[in-house]
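Structure in structure tokens, see below.
Chain nomenclature is as follows: A, B, C and D, assigned in order of appearance, with residue numbering initiated at 1 for each chain independently.
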Amino acid sequence: MSKKKICVVVGSRANYSSIKSAMRAIQQHPALELQLIVAASAVLDRYGSVVNLIEKDGFIPHARVTMLIEGETPSTMAKSTGLGLLELPTLFEQLAPEVVLTVGDRFETMATTLAAAYMNIPVAHTMGGEVSGTIDESIRHAVTKFAHIHFPASEGARERIIKLGERPEHVHMVGCPRIDLVAEILKNPIANIFDRLFDDGVGQRFSIDEPFALISQHPVTTEYGDGEAQITMTLEAVRDQGLAAVVLWPNADAGSDDISRGIRKWRERKLDDRMHFFKNLPIDVYVNLMHSTACLVGNSSSGIREGAYIGTPVVNIGSRQNMRDRGDNVIEVSYDKREISRAIAKQVEHGRYAMNPIYGDGTAGPKIANVLAAERVAVQKCITY
Amino acid sequence: MSKKKICVVVGSRANYSSIKSAMRAIQQHPALELQLIVAASAVLDRYGSVVNLIEKDGFIPHARVTMLIEGETPSTMAKSTGLGLLELPTLFEQLAPEVVLTVGDRFETMATTLAAAYMNIPVAHTMGGEVSGTIDESIRHAVTKFAHIHFPASEGARERIIKLGERPEHVHMVGCPRIDLVAEILKNPIANIFDRLFDDGVGQRFSIDEPFALISQHPVTTEYGDGEAQITMTLEAVRDQGLAAVVLWPNADAGSDDISRGIRKWRERKLDDRMHFFKNLPIDVYVNLMHSTACLVGNSSSGIREGAYIGTPVVNIGSRQNMRDRGDNVIEVSYDKREISRAIAKQVEHGRYAMNPIYGDGTAGPKIANVLAAERVAVQKCITY
Amino acid sequence: MSKKKICVVVGSRANYSSIKSAMRAIQQHPALELQLIVAASAVLDRYGSVVNLIEKDGFIPHARVTMLIEGETPSTMAKSTGLGLLELPTLFEQLAPEVVLTVGDRFETMATTLAAAYMNIPVAHTMGGEVSGTIDESIRHAVTKFAHIHFPASEGARERIIKLGERPEHVHMVGCPRIDLVAEILKNPIANIFDRLFDDGVGQRFSIDEPFALISQHPVTTEYGDGEAQITMTLEAVRDQGLAAVVLWPNADAGSDDISRGIRKWRERKLDDRMHFFKNLPIDVYVNLMHSTACLVGNSSSGIREGAYIGTPVVNIGSRQNMRDRGDNVIEVSYDKREISRAIAKQVEHGRYAMNPIYGDGTAGPKIANVLAAERVAVQKCITY
Amino acid sequence: MSKKKICVVVGSRANYSSIKSAMRAIQQHPALELQLIVAASAVLDRYGSVVNLIEKDGFIPHARVTMLIEGETPSTMAKSTGLGLLELPTLFEQLAPEVVLTVGDRFETMATTLAAAYMNIPVAHTMGGEVSGTIDESIRHAVTKFAHIHFPASEGARERIIKLGERPEHVHMVGCPRIDLVAEILKNPIANIFDRLFDDGVGQRFSIDEPFALISQHPVTTEYGDGEAQITMTLEAVRDQGLAAVVLWPNADAGSDDISRGIRKWRERKLDDRMHFFKNLPIDVYVNLMHSTACLVGNSSSGIREGAYIGTPVVNIGSRQNMRDRGDNVIEVSYDKREISRAIAKQVEHGRYAMNPIYGDGTAGPKIANVLAAERVAVQKCITY
């Protein structure tokens, strides 16, 4: 019997972390064949050549698609989606997948989804039904309206997908595949995390005896132009609380240039030599940092999702994670330096939270593979109301 | 005070008919400035150079965008959307519109919507919330999830948009702007419609004393490959009922080549010399034909929408108009020649129906312009549940 | 020892005829591996699905690339080239060819050439160094300036390539691979060519006892807009000479819509029922027609190239084949109906010419394969003066 | 009388410097109208937002086209050209220029040239006929084969264009418009150049009393992958000679990531605190530096072109400027550290050279405008032999 062909399009480092455990489970499933296309920032040096990591993990890309247009403005994000739509159809015709599995809510996701749906290939979608800020909010729900099989990561998300008019029998609450990775990583904590960190990164060591903040702040596409002020405020708040910090550069959304400029200026002015900046951290290092940080500050979804499972104290700033289901570990604040400072102080005092499995228990990947093997869907969709 | 700039992207003849009365109302509104981009099949000779018609109507296109990739397969539909996404951002940057107004559910609509939404330009959308077959079903609801202002054409559609999680205060039931055109056209019926018809078109006259069918059948993208058999069945059923016919060539969706092939073969075999085939009919001719036909056969949305207002007897075949709100004037049948024949016979016997304004009363255009002038929206969307 | 990978990009029916014998020879060469991409009009139904023919001939496409943008205007020709440039790099990365072999002077050729040359893949080029009208004239020489290995089809072409500053040791006069096909076809002439013709095509038979013209007229891109008048004049001249005719529809260059319109109107007016129109003829049928026609009229390069080998009497109209090396079999005329008529009359009287091997003797394919296997080139080019 | 519309497409900072004086002259010419499109790296923050500078200089862009695909690999260079080909036709249709004026030999130039030539718009080309390394060598000559009016910058270039089969009456030796800028800048030397430099840039001051090197090294696309080693060798050679240095980051060609990596590592290791690195220097600063530097080291064309006029001592490394016409001021070396060191020492000892006007005398811009106003060309090109 021939295997059912499942094509995954990976477009970024975050994408890969969010789907890796499902890819592994598909690869190992006797009734499934994994097909892989690597695209967008995942093929670029500048974002750490995720494609090499993917190959080292034993996955073989059918094609590598450069499709990011320089500029990281709202308009280049639209154009990059266009480029994806030009290239993916030819590749899907080569591969003839029976299902295309797409991840989350980034603009590459939209390209993958449209190409597959227009070509009458059933679309399976992870992480639908969540609520957030930025254009991701619209992309995510639009992808849901094209998708045939849904893999929400939380119970709230499952309910929302059904309210959007999707058939309940095709909505499978499996948890988030990223939690699968987190669970695996935390089984073997990295002992000397800071040694490893300062080997790879740029900057000078700081003492590990003191508490440190983890800062991860991304642009909000609908607040295009404000990024420099936003990141500067965060850096100042952390410094004011006397914390050392590990700071991540932003991802490739529209507006990331603004945040990068803020970080560059901070560094050049040498405003705090206990702050260290990293372009990319391996996921295992990052999870270990989330496990030992005094407080994660910024607007990364990881604080809310992985943070719930790990128990990381989080200060979440602004609208980017608006209304995402969350646990007790998160304090919400607006772009106000004093508010941010106070929240950091409170989290440092509280320390680690108890584990909360609202985003899954570490078994999402195999669940996804099993559903993909069993589920039959009609290509023609119809809203339920 | 500077006028609010509203940009409309017209991508096809049908698109134009669906938005023309709103364009006129925007053009005439003291607080609004109309910006126009003409694209896709609307700029092509092969589809009747709709752009020339648009200019004759007094609208001035800022740019003409060729973006249809030859082939009319599902994959070229995806690529054409990609092309739109590459070109529209540059044009939107030139125009800097305050709202982009987009129409319906075709693939060009998706390109327009994504380009505008990614660029943080509020999107207004007509004809959302309806239910149909083909990929249009998914496109329409996905566009709703990106749109900031909604102009549904029927009450059922309005309710569906709200169920999709859109804020009720931004959902305005205005009716369908196509009905505005229909109302205007029927005020001055064309006296000698057949003389005019046979002047413009290809084929030989037939006697106007006898009843005639109007056939308009388009491809169903999710049934790609079946078009030739489908149109042939329709043509046979009409012939079996002894009706003369005016037959329209299909639009440019994936699969239209199949239907065209069926029509070409029929013509070449000269199976019925009382059947006459037209690539494009001016909207006024078409509406007059809908007013005098014994029965409209096929799967055009016009039977359901304009048909309700005009009272046209309609035999609607297959899944393409699935679940669209409809009046008494429509008999639903499947792809079955005997079923189609029987339904035609029944409609011929019944004759014209009474007017039913479920898709509007002919005032949609001015209503849309007024809302656009008054409404303020936040760029950042958020689902209501 | 691993085989040297040679990638051919086939973009049209004419392209395929021009490279088929070389493809066959590469496929059969012990040191070479053939890679194939089929693109542009060669993948479209509307142009006869050449890709199916290619597969029937035993070649396996790695990918099929739709890249023609509808409209056939000068601007869509530019955009189609752009589409090729977007898709080919990803496919070349998949295939990693050691040489890309490109054909002639069409806009697809430009895309193939640029993609390969920019990617540091050596380019081999057939049919360079010739002189003609239309934009092809510029494309051909520009491709020569990117190509590393040259396969001119005539001695004059060879000399011109060297004058263009290319190194003589990389310029190999091999003849035209199309002549290889012609030679093979004429070994087994089709007995009842008209029976076969009227089985496949549209139209009614005409008596084969009388002499017939073969008409093949393509748009001249630099005379965009004149096509309708030009083809009409040709059809009238042939009718005035009392000849029956086999007429071919034009190829997909900018301006082909004009010529098609002229043909359509002629047909609709039923101006001569002994004229028969064909979208595509199989190459074997076409060569047999060239062998039996009283006169080939129009501006097809086949009259000059294959015509020289076959001895076809040719009336060549206008600038399209300007300055191409030619034999005695061609009479040159301008767009003047009386001049065309007189030249036709003269050719009908003369009858078939003797064979002239200026474009090759039927062994181009194997010669090309042998050079490709042996030749080593530096990627960095440098003009010789 | 309506003015003749001349459209210039500016794609990079270097492009702009190379055409600015011609733009100014066109703008001021009574018979000409200047149209401007700004594209590629010239619209990007990352390359210093040249478009803002252009606007400050009083030119108004009709459109800004983002078209660089991230990655800076050979394949993204091909794709970026493709993007240009997709966007420019729509803009050329908006503008309807009578001549498109294109600059030099970068990949944007190819897109501009193809779009215009395919659309039957006459192409004027500056800086054709020169000889160099990298893919530029092929691009330059290919553009010449599409261009209708040629503006070579040197006598050798003029002769080469004519040898390439272009009509002598359309080849106008005008000199290089960059020299116009240089001449103007040197009329008013910047007094305190280093003060200004260290105000704008990153890094710490060095004493201006000592001699300094100016380093400008770009990737060679046909040596893709070697850039890091190449720049490192140059930096070491300069340090070994005991020179302070002003170092420029590379331009956006394929391979620039390699060179950037080399520079980044050098900086991070703090191998010489008298070396200062700049992303972009205003042209006036750069020219003043060329005027005061002890030696320009690298492979920038400026050393050969502007260097001849200014008299700058130059050490030119490797193949990038292969065979470009040059004066006495240049010493050629290969990628060999000792050779580079020795040549630097020799140039430091020699000091400034006498002015040599082989690339023009500072009047290229007005000459170009005058030719454009007067010259009439046929769209249909034909090689002269």
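Throughout what follows, contacts are C-beta pairs under 8 Å (C-beta built on N, C-alpha and C of every residue); 3 or more make two chains touch, one makes a residue touch a chain.
These are the chains along with the protein names UniProt gives them: A, B, C, D = UDP-N-acetylglucosamine 2-epimerase.
Everything numeric in this text was worked out from a predicted model, so none of it was measured.
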Contacts common to subunit B and subunit C (chain labels): A, D
Taking each chain's C-alpha mean as its centre, the one farthest from subunit C: A
Separation of mean Cα positions, subunit D and subunit A [Å, integer]: 41
Distance between the centres, which are taken as Cα means, of subunit D and subunit B, whole angstrom: 51
Junction residues of subunit C, two or more chains touched: 66, 75-76, 79, 83, 86, 89-90, 93
Residues of subunit B defined as touching subunit A within the complex: 74-79, 81-86, 88-90, 92-93, 107, 110-111, 114-115, 117-120, 131, 133-135, 137-138, 141-146, 160, 163-165, 221-222, 224, 254, 319, 322-323, 379-383, 385
Contacting residues of subunit D [partner subunit A, same complex]: 41, 43-46, 66-71, 73, 75-76, 79, 83, 202, 257, 268
Residues of subunit A that touch subunit C when the two form their complex: 62-66, 83, 86-87, 89-91, 93-94
